[in-house]
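Note that subunit A is present in both complexes that follow, paired respectively with subunit B and with subunit C.
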Partner chain A sequence: MDYGIELKEQEAVVALRGRLTFNDHAKLRALIREMLQNPVKRQVLELGSLEFVDSAGIGMLLIAREEMGNADKKLVLRGAQGQVKRVLTVAQLGKIVTIED
Partner chain B sequence: MIALNWFSRTPPAVAPKPEAVAPEPEAGGVPYAMHGTHQGQQLVVDYDLLATWMGFADVQRRTLDAIRAELERTSGHVESATIDLSGRFRELAGKALEQSQRVAEIVSVAGSVSIDDERVPLDDVVVHMQSMIAEMIANIVQLSKRAMSMVYLLDDVQKDVAELETSIADIDSINRQTNFLALNATIEASRAGEAGKTFAVVAQEVRHLSQSTGALAERMRSKVDAVVNGVRNGHEILREIADTDMSPQMLAKERVDKTMDSIVMQTGRFQSVLEEAAAVSQEMSTTIGHMVTGMQFQDLTKQRLEAVGDSLSVIAAGLNDLETRTRQELPPDMRITTPDAWLDSLLSQFKLSDMRQRFVRQLLMEGSALDLHGALDVDAAHVDSLGGDIELF
Partner chain C sequence: MSTGATALHGPGLTPDRMRIVAAACGVPRWAPRTGSPAPSASVVVLFSGSDDPNAASPALWMPPSTAWIDVTGLSDEVLGRTVRLAETHDLYLSLTTRLANELHLAGRIVAAIDARRPLSEHRRDDLELALHEAVSNALVHGNLQVEGMKGVSMAALDRFSSDLAVRLADPVFSRRRIEVVLDFEHGAVVVEVGDEGRGFQLDGRGGHGASGRGLGLISTIAESYELLDGGRRIRMRFAL
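Then we have the complex of A and B:
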């Protein structure tokens, strides 16, 4: 998995690419730290280019949400497609995290 | 010559007529003047005409008897056939009703399943199972999150333990320097002679202290190594757990949902088809019931035919009476002619051979015309060929 952060006035947009699996846990932790450090409140994970997420990836997204919540920031998952969208739906993650199309 | 009074019941005097046996009424008949006492008019009737009339009357009476018998026979046939049909229709109606009840029974259980001896609607079962699966997936999600939190925690612990190892190494390094310094102090104390004696004791104590510290550091290192190994193993196991992807199991819910929906839909379709079938069976049963009721026409028909038969009996009795009275008026040797042409024409009407046979028996074998037509021979020759087309005349 790769990511790129784009800071905007109202939100930070983090574009995730490739596959988000357990192997990316260190990378995701670093990303969370970066998200905590930037000053913007609304943190958007752009998932349009993410091809696959495993159950560990879902767990990491929930940790990210928790960390953002602890720092009074808001996490948004946006534009999920294919398998990622299906897993988010089946896991009913919309009950816990804000999901946008 | 004869004088007939048709209105009087007392027979008039009979005058024999020698030439009364004439084959044709028109040829050679002798007219006779008859007085009508009431009307005051005369009617001329000859014996031949009367004989011909008698022949007709005889045949008519027999015909009426035959018709009456045929009516009774037919009525009997219709009655037994109707009773038989009604019975079968009732049986059919009963079966249709039974079928509709069975189908209704199926319909009543089709939409539900039995769980622990309790009927549970299929919709409820599906909703329950779907919520169970959703709960299971929610558990998987929470488990994944906790596993990852644990992984991060152990990542940190590993870093801390590594720092601990470094610290122990630092203690070792310090201890070596302390020991070295204590050794130098001992050397310097011995050079100082008597004056350095006390200092040499202190230096020696410092060396002992340094050795104790070294032993402590060594004990710590072995324990820390054990902790590090434990943490690393635990971390490895946790990685394996967290690395087990459960997303395919989560996505199986999609398939399960579709299957459940399909089952519910299919059951609904079966149910509606079965309901229709039950309604049709019910309708059939009702229709057959109406048919059975409709067959009561036979009762009415039987009564009508009986009335017709009774009328025919009365007419036949009247004819018989007239015949007897007329016979008394005719000369005893007067021959009564059989109306052959009329008889032939009558019998040719009957296409059914068994019916024709019955008429022949009634009309000819019991009558005077038996010899003329030879019906017995014909009848005997064809009596076995039932339903065949017997040519009698």
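Then we have the complex of A and C:
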């Protein structure tokens, strides 16, 4: 998985690309720390270019949400497609995290 | 099932080792570059370890390849037995944890299934997820004995990340093997994924915290699944 962060006035947009699996633990640690450090409250994970997510990837998204909540920030998942969209649905992530199309 | 017309292909092994292995398992060698025609039935591909560059070559994962074995740590006798076992299944893999983790194994297995029983894109995605979850469980929790992320916190992620790196760097754990066995049936494929860990018990707490969703995802995709050998092996049946 690769990511790029674009800081806007109202939100930070983090574009995830490729595959998000248990092997991406180090990248997710770095990403969550970057999201905590930037000054914006609304942190949007743009998932349109993410091709595959596994159960550990879902777990790491939940950790990101929790850490944002603890820092009075808000995590939004946006634009999931295909396999990623189906896994978010099956794992019922919408009950816990804000998901936008 | 095997017709017996099997050949060995080990581009990363020395010719001497290949000769010995071929004699030990009674299977002829196949070297495509010498111009010999592809054997009609099946090719057992041998890898020399996680640094064998051939392992990542997509062509070696396509027909006529039907079995993939990492020879790391295997005596000639055990390797011979493994090759003969592979011949009794439609598709067979026995790899070290390190190599399996580097290969994106689930995607390769799905491509091998798709080459024999073409799948829709949607079904391919679902099968890849289910197989990836089974393989990840075998590698991470089975062979590497790394516990899942217990809490929903950075501390849990940091601990998981550090344990995984330490265990992957330790040959005692990273050389443990994962075995994948596939057999096609009418309208279905049965896949077993086995590891060499301590096994585990379902405790009914799946789906809480940041870990524990893998079996739940498998159950939504597979027609059925069962845990065998004290949790060291999962057998899944997928409609095709």
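Brief remarks on what is shown
Criterion: the second predicted complex is superposed on the first by the 101 of 101 C-alpha atoms of A that agree within 3 Å, B and C clash if a C-alpha of one lies under 4 Å from a C-alpha of the other, contacts with A are read in each partner's own complex, and residues count from 1 in each chain.
Keep in mind that, in the parts below, a contact is a pair of C-beta atoms (placed from the backbone, for glycine too) under 8 Å apart; a residue touches a chain by one contact, two chains touch by 3 or more.
Since the structure is predicted, the reported quantities are computational estimates derived from the model, not experimental observations.
In this superposed model built on subunit A, subunit B and subunit C take up the same space, so to speak, and clash.
By the touch criterion stated above, A:Glu67 is placed in contact with subunit C alone, subunit B being left untouched.
Shared-chain residue A:Val40: touches no atom of subunit B or subunit C.
Touch criterion not met for A:Ile99: it reaches neither subunit B nor subunit C.
In the superposition on chain A, A:Val90 contacts both subunit B and subunit C. Contacts of A:Ser55 after superposition: both subunit B and subunit C are touched. Contact with both subunit B and subunit C is seen for A:Thr21 once the two complexes are overlaid on the shared chain.
Contacts of A:Val76 after superposition: neither subunit B nor subunit C is touched.
Looking at the shared chain after the overlay, A:Arg29 reaches both subunit B and subunit C. Of the stretches 151-159, 169-177 or 187-195 listed for subunit C, only 151-159 runs into subunit B once the two complexes are overlaid on chain A. Shared interface residues of subunit A, touching subunit B in one complex and subunit C in the other, are 21-23, 25-26, 29, 54-56, 58-60, 62-63, 66, 83, 86-87, 90-91. Taken together, the subunit A residues at the contact with subunit C in this complex read 19, 21-23, 25-26, 28-29, 32, 52, 54-56, 58-60, 62-63, 66-67, 82-83, 86-87, 90-91. Residues of subunit C that touch subunit A in their complex: 101, 104, 125-126, 128-129, 132-133, 136, 140, 148-149, 152-154, 156-158, 160-161, 164-165, 209-214, 216-217, 220. Contacts from subunit B toward subunit A in the complex involve residues 134, 137-138, 140-141, 143-149, 151-152, 155, 239, 242-247, 250-251, 253-254. Listing the residues of subunit A that touch subunit B in their complex gives 21-23, 25-26, 29, 53-56, 58-60, 62-63, 66, 83, 86-87, 90-93.
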